[in-house]
Each structure stands twice: as C-alpha cells, then as structure tokens.
Amino acid sequence: MTDMRVSLPGLEMKNPVMPASGCFGFGKEYSEFYDLSRLGAICVKAVTPEMRKGNPTPRVAETGGGMLNAIGLQNPGLSHVMEDELIWLQQFDVPVIVNIAGNTPDDYCRVASAVSDLPNVSAVELNISCPNVKEGGIAFGTDPVIARELTEKVKQVCSVPVYVKLSPNVTDIVSIARAVEAGGADGLSMINTLLGMRIDLNTGRPVLANGSGGLSGAAIKPVAVRMIHAVSQEVSIPIIGMGGVTCAEDALELILAGASAVAVGTQNFADPFACPSIIDGLTETVKRYNVNAISELTGRSWRTSDRQILTAR
Amino acid sequence: MTDMRVSLPGLEMKNPVMPASGCFGFGKEYSEFYDLSRLGAICVKAVTPEMRKGNPTPRVAETGGGMLNAIGLQNPGLSHVMEDELIWLQQFDVPVIVNIAGNTPDDYCRVASAVSDLPNVSAVELNISCPNVKEGGIAFGTDPVIARELTEKVKQVCSVPVYVKLSPNVTDIVSIARAVEAGGADGLSMINTLLGMRIDLNTGRPVLANGSGGLSGAAIKPVAVRMIHAVSQEVSIPIIGMGGVTCAEDALELILAGASAVAVGTQNFADPFACPSIIDGLTETVKRYNVNAISELTGRSWRTSDRQILTAR
Amino acid sequence: MKRIERMKILKNRPIASRIYELELEGDLVKEMKSPGQFVHLKAADGLDTTLRRPISICHIDREAGTFTMLYRTEGKGTQLLSRRQAGERLDVLGPLGTGFPVEGFSHQTRCLLIGGGIGVPPLYELARQLTARGHKVTTVIGFRSAEDVFYEDAFRELGYVYVATEDGSRGTKGFVTDVIDRHISEWDRYFTCGPRPMLRAVEARLGPDGWVSLEERMGCGVGACLACVCDEKNGSGYRKVCTDGPVFRAEEVVV
Amino acid sequence: MKRIERMKILKNRPIASRIYELELEGDLVKEMKSPGQFVHLKAADGLDTTLRRPISICHIDREAGTFTMLYRTEGKGTQLLSRRQAGERLDVLGPLGTGFPVEGFSHQTRCLLIGGGIGVPPLYELARQLTARGHKVTTVIGFRSAEDVFYEDAFRELGYVYVATEDGSRGTKGFVTDVIDRHISEWDRYFTCGPRPMLRAVEARLGPDGWVSLEERMGCGVGACLACVCDEKNGSGYRKVCTDGPVFRAEEVVV
C-alpha cells in the first residue's frame, strides 16, 4: 500500500486530492453526497471583504472538452463566510484553504488576516488571477512586481501559510512564480482558467452575459501540465496543481509534472463523486509505480533523466 | 445566395476558408482528395531559408478535444520550396500564402523577398509564434517592440502583403497586434497553438520527444474567439482567424468574433475533406442571416449593440 | 446521502416535432416526489458533453419504479440523448430542486396550469398530483404549431385543456395569454412554466398569486457553482434556480 | 481522387487477449491491393478522438468486398473501437502508405515473414499474396504468452509456422530471434513487422536484404503534417512512415 499522505505548508493531507476553489461552494452541497473528511483538503469559493453579487447570467457555457464560466466572485462576504460557512466546516476532519479575491491589496489582507485566526483554516490561497473581475484583479496576476508586493503584504498579516494562485494568461508564468516565491509565498496553485469566449450563432453575441469567461476542464489540461512542469523546476515551494483533472490518471499526470497535490474543479459538475473516486483511483493506480509514497512521484517527469519505464511493479 | 467572396490585402478569395499552415503540407497530398481551386486560399507549411530536419519523434500526441504537435519546422528549405512546391501550386486557381519562420529577422527577410517574386504567391505570413523552436522564434511573438521591428524589416523587402501570425501565449495580445500593425502589417493571423504538454504515465516522461508542443484543435477555440474578439476591435487590419475550427458553425463563430477569413488546421487530419465541407456548410449556414455578403458578418459580435436576433431570415 | 444512478432506458421515442419521451427505470424513482423537480443527466459518456443537462420530471410511476421526461432536441446534448437506445444506461443525478407545492391548499382549489413549449412537461406530474388531491385543474398549453403539440390528451384526462398555437394550426391562434384573456376568469392559484417572455406575460396578467418555474444555464445543478442564479424581487440578492428553485413564488423573483 | 468511406462493420469480435478481429464492407476494398498498407480510422464520432488511428490491413477479400483488421486495445481509440457493433458504420480513410513488395521476385522465392504481437496482422495478407504467386512462406510470430497468440492456424494454411512466446506457454520460449537462431537457416528475403526492439534484433541478424514495417505516431496519415518521420540510413533526411512507408527496405531507414 503506497503512502498517500502528502504534507504541504499548513496542510497535512490524507491524500493529495482536493476540490478546486469555486467548484465546490463551501462544501455543504457535496457533503450530501459523501463524507468530506475523505478529502485531502477543501478549498472554498473566493471570499471578498464585502458580499458580492457577481455577474449577470448566463454565467456558464459548454465548450469542446471544457466549459467557460463568468460567475464573477459572487460570495456572501467575509463576515458571513466566517460566521456560517467556515464554522460549519469544523465538523469535518479536513484542512480548509480559503480562497481570497479582492480589488486592492488591502482587500486581500483583511480577509487573510481575519480567516487565518479561525482554528480550521489551514491556509489561504490568493486568487490573483480571476479573469472575471474588471478592476485590478487581473493585474495582480500578470505583473511580477505587483504579485510579489501583494504576497509580501498578505504574509505580514496572515498567520497561516499563503498559496498564490497563478493565472495561465501570461507570457512568462515562471517569472510570476519566482516573484511570489521571493515575496514569501509558501506554495503555488496553478492553473486558474484560460480566458475564453463563445459566441451564440443566433444572436451573434457572446453566450456569457459577461462576454468572456474562464475556460476550464479537460481542454486545458495540457496547458496546466506544461506550466506546472516549467514552474516546478524553477521554484522550491510546492505546487497544488489543477486544470482539467477528470480522473486518477490526470491527477497523476499533474503530479509527475511537478504538483505535490491536485485540485479538481469542473469535473465535480459532471460527477459529484469526482473527488472521492479520483482518490480511490489514485490509490489503485499508484501501485503500478515503484514508490513507497505518492509524494515521491512529484516532478518525476523532469527528475528522471531518461525514458526509463517508471511502472516497474 | 449570399456572396461568399472576401477580399483581403493580396487575397481575392472565392470564400473565406483556407487550410492553416503546417496542416496541409504544400497542398499536394490534399490535391488527391479534391480540387484545390475550391479553397479560398492555401497557406503552406513554414519555410525557412535552409532545409530543416525538425524535431525527433514522437511529434504528435492527442489530448482531450485537441492535439499537441512539435514538428519543429521541418521543411525542405527556400530554394526547394520555390523550385518545386510553389511552382506546382501554380496549376490551381487559388491565392497562395507562404508561411515563413526563422531565427533572425534576416531569415524572414530572405524568404519573404524571394517568394514574393513568384507570380502565384499572394501574401506571406510571418510565423513569429511557433512554440517548437528554441532560438529566437518565440521572442518575436512575445515582445511588441521586436515584433514591430521584424514586421518593418520584412515590409521593406517584400512585394506582397504581409500577415503576421500571433502567438496566444502572451499576457496582452492586443499590444502585440497593435505593434505589428504600426510596423506595417497588412493583416493578422491568429491564433497559433497554445503551449502544452502531455506526460506518459508509463515512462513518466513527456510524450513528445521535444517535451512540450503546440496545442490545437477544438479545445482552443474559445481562446481563439476571445482573442480575435479583443484584437479585431483594436486594429483596423483584417484578421485570418484560426484555432479549433471543425465545422461551418465554428468558422462562423470566428467570423462573428472579428475574423475576415478562417483557416482550418487540425481538422484536416480528422477529415481530409474538412475545408471543402466547411465551405459548403458555410454557404448553407450563412443563408440564415440577413446579409448579402458573408463579409458583413465579420465582427458582428461587437458591432451590434444589443442581443438582437441575427438570424432574421 | 444523495447519489447518482445509471438508470435503465425503457423508452426513448419521438412524440412530436423534435420532442422525445424518455422513460427510465431505477431506484432513484423512490426519491422523486415533488412535481417540478428535475434531474441532471449525462447525455453521453466521454468528452462530447462536459456538463450535465437539466430536464424536468414529467411523470413519476412509483409503483413501476419508472419516471418519464420529455425533451426537445436543441443542441449537442439533447441530440446525443435522442440517439440513446432502450436497454442502455443513462447517468442520472437527482431529483434536484424545489418543485411546485401541492399541499396546503383549501378543498377543491381551482388550479390554473399554464405551460409553453418545453415548459409543459413538469405540469403533467403537477396536474396528476393536484387532481389526486381533489383539486380542479385547468391547463393552458401553448406551442408554435400543431406538429409541436404533445400530451394534450394526457392533460385532458385530468381536467379541462386549452391549446394555443402561434400559427393557429391547432386550438386558439396566438399565445397562452390570448387563451387566458378570452376563456379564463375563475381560478385560485396558478402554476406556470415556459419561456421567459411567456412567464412575464402570465405574471403581468395574473399577478403574484402563483408559482413560476425558471430555466437557467447550469453547472453543478446542486447549488455549488453559482451559475444558475436569478434576481430576487425584493432585495439585493440572488436565488439559485437549481436548489432554491426552479419553482419560485411569482412574487419572490424577477422573471 | 482519394476518398473516405463510412464502411459497414460486419464483425468486431475478440479473438485473443485484447485482440479484436474487425471486418468491414465497402467500396474502398476495391482499392486495396498491397499487403502492408494501412487504413486510418475514426474510432468514434465526436470529441473523444481528435486524430484517426492507423491500423494495418490484415486480409483483403475483394470478391466479398470486405477486408479484415486485427487490433489490440491499447488506449482510448482502440477501446472505443472495440465497442463498435456489427451493422454500424466506421469512417475509414485508405488504403494508405506503401506496402510490402510481392512482385519482381524470382520463381519460388523463400520468403521469411517475422512478426511480433500486433505487428503480425499485415503479414497475413502478405503471406496470402506471396503464396498465391507461388513463393514459399515461412512465418515466425512472437507473442508474450499463449493467450496473446492469434492467426497461427491461418498462417499454417499458407506455409510453415513457428510460434515464440516470451513465457514459453506456447511454441518456443523466447523471442522470434531465438526461433530464427535455432530453426531458420535458408531464406531469400525477409519481411518483418513488430515492435522496434524486435525489428532491430531481426535486422542485426538477417542483414539488409529485407523489408521492415515501421510504426510511428501519426497526424494526417497522408503525408501532409510531418508527424510520422523516421531517419534515413544514408543521408541527412527523414522519410515519412505514412506515405514513403510504413514498409521500407531495411537498408533504407534507421529502425
């Protein structure tokens, strides 16, 4: 039996699988399908200091092998999340990561400092890459200097480890990754959605009310693999990998690319049991490899120098 | 009957559909399936001054809703292309676009100046975005200043219109588009492939011998639509749109986004008759719209201000 | 715990222009109670559909352990669905959402059911449950043309039925609201499902004392993704169509 | 003009461990002549496969207007293929590529056919055409284990057959090269198809006087995309497996 535990800053995980932010609400809905304690961790929907209404509908559209979303950071705001959602999650034996969004560094700091005081919040994830907010949000994720400063500021006020979630919509993701590492980030999450659009052939207008949205799902997995592969070789902080994971094999691919843990987003919609079945599948698949712990597979795609067969067992 | 002709700098096209560079060789293979004169134009494989061997195999890998390629610009070199391939294409009544790649501005200029003297070469397309060459190639496509300078240099020596093919792997594609327009580009082609990777779970190594490759096919269409939508509003030169077109509806989507013509890449592999059947399908589909010429549909997604029904007929 | 089931397809056949009747068998039927609830279907395995498709429950046969849906082929998902064959299994998540109320009405309440096009199906189970409880059901259903009409006879067995078609090829020429204007004066509660413009017209005429069933593009179908919101009438908030709805009190949400 | 055809599936059944025999009917069969050519298949409609899959032609029955392929389920495409049913249509592009030569040999040439695993199928049509022309065929086929063996009897009808299995559960224990070392001394030409290590071992033993059939990942299958190249032995260039090959003279390419 391969050891499935992984240990990341702030996160002692039973297994390397968690739901991705925004695809799992605050856990309540999926708790009606299975025991959330089975998960490696839970990453909740983006929280902003104040309640946000988000974008008009339609907010989602299907695409070839993926989907677009433009939810627009709808959330009930910091105090409601703290008093209701995060307290509720305490009943489960699972580390919680709070995803944070905002328009200003101060927004991020306010939420980070507040939630990091809660006993079951194990880490925060700075969403500096949400493509669906107009003001500010996107610049944090595309400019290394701004990304670094934001990380530094949050680190000063946050008592739990800080993960920074990177945008794939950049020329050079490695430079952003290096910058936030220099800014003190304890880990990286990657990738957020690609910017995309669909046009309705009847109206001639974008399908999403917001115009463009974030592309997720199987379609983007090769982009995620390539970016995780590139970044993991250039930083020494761990990566939570995500982007198009639909099955255990996909999760493994991200791990071999360089991820220490894996988040599952869109696939929860197709299969509400996606996370537990990926956990089960991974536990099974990993037996093919000659390792004692799944953590040994992180980054194996670039750690091994030749085309040796990895599946020795 | 809607007028299917489109008129772009250097290109008087019977219809707005052409094969995308690299997915159609120099036309010979597909001429065994149908009369190439049916096409709106032909865009040939990237030509470099000297013969190039390209990358080791495997060079392609399938992905969810798409594929990766790392051909690496294999081509027989300028003189062979001129003496053999381009001459052979003269038998068809179809404008030819020569796609050009290189490591230095001089490479591009040499090929552009030479091929533009041939009678049936109607335009050149500068591939400043091929993700599969290490030296130089990629920087041309990611730095607006360099992209502009390259365009200017080629314009000086090239006697046919110059299209610049943009990379989607950038933070701000609009700024690159504006720069090459300022540099004198007559048109834009977009998008080239997204950078991606797949890892073989048995070997633990990338599937492609080259490591990463270019992602194409249905998976990337939303990215193409969004970029064409954004760029077409900011430049006044026409756009040849490409990225994930598999059917007439997809072609129409790129046109509504802002493309004046559409190139079909990966789909040729799935269906060697892809181009003619998209042409036929488009001729049919476009009847639903209240327009005399298909060219009126270019950019309709942002030209119409409200959610009016476009399909009035 | 909620679950999904690969239910057995008993029947999947066209009954009107582009309209299919799909009957499924399985354990999930035991949990189906409220008319107006929906199921979230995986139309096909593989990459062709990333998202599930929401389809209303039209008729629950708890004794037989089956239920029926009616769907119209629109895009990719419903087209793939129409190719599925009896004997195959279909991946079903549900029942989901909050349906129409059938309890708490006074004796022999006069219920007015108004459906348009593919909004008609959930009203059928509603009509059955209301009549079973002794209420009076009058149904007004609107379609584009005669070939689009379905379940007229089925509704007739449960009460009075008016049909409207836009082109007049069957029943009253015009919209359901034309039928209401001309023929309906007495009713206690109304229940409506159909395209937004119809819902708006109905609400404008009949006021807030009714229930409307809304459609919205969905991601998860279970309340987690916030794709499917609609505006609250009084208040600044949103309601989720997939869990708070699809049925709302007319006064509650902006149609 | 070349074309594609939606050919009719007559048979698609397992014949050995993970090996399926697929028989198709259609007009394209008329164009199939050369053994070693392949077809490029769309394993399924829709988004599940972006690319076609190359599969060798194993047996051409021109009179019946049918041909047969044998394939092993490996990944997604071949798995989807294995689920296709008799009566369905399959999208076939082909015949493609340059096959094994069967003309120009002197009378009663002793032909040695060496196949490994899923490289065996094209040798069957080759054996048929060679024997039909009066040549002598000896076949050496290697598999992993007894349950993987297929077409042994079919080949036996056409000449002498040696079977090797890696685990010795059938025939000689070891590789095809072990059979060659032990049993084969007299032959004029050889023809081989199988995994690269086998081809290399065969060429090392038997020299350049033969033909090898190569596998390479393909995009277009028709020579346009340059995905499928292999190295030329003498010279700096590449050859395309899909059009120049898949069969090459052993001396021509780097195996």
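Chains here go by letter, A, B, C and D, matching the order in which they are written, and residues are numbered from 1 within each.
Convention: a contact is a pair of C-beta atoms (placed from the backbone, for glycine too) under 8 Å apart; a residue touches a chain by one contact, two chains touch by 3 or more.
Computed from a predicted structure; not experimentally measured.
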Which chains does subunit A share as contact partners with subunit C? none
Per Cα centroids, the chain farthest from subunit C: D
For subunit B paired with subunit C, centre-to-centre distance based on mean C-alpha positions, whole Å: 46
Just give me the whole-number Å value for how far the CA centre of subunit A lies from that of subunit B. 33
CA centroids of subunit B and subunit D: separation to the nearest Å works out as 36
Listing for subunit B: what residues touch at least two other chains? 63-66, 217-218
Where in subunit C do residues touch at least two different other chains? 47
Which word fits the touch map of the chains here: line, ring, star, complete or other? ring
Listing every touching pair of chains gives A-B, A-C, B-D, C-D
Where on subunit B is subunit D touching in the complex? 22-25, 28-30, 32-34, 45, 53-54, 57-67, 69, 71, 74, 217-218, 266, 268-273
Subunit D-touching residues of subunit C, taken from the complex the two chains share: 44, 46-48
Interface residues, subunit A side, partner subunit B - complex: 63-66, 68, 142, 169-172, 194-199, 201-206, 211-212, 215, 217-223, 225-226, 229, 244, 246, 249, 252-253, 256-257, 285, 297, 300-301, 304, 307-311
Under the definition above, what is the set of subunit C residues touching subunit A in their complex? 1-4, 42, 47, 49-52, 76-77, 93, 216-230, 236-238, 243
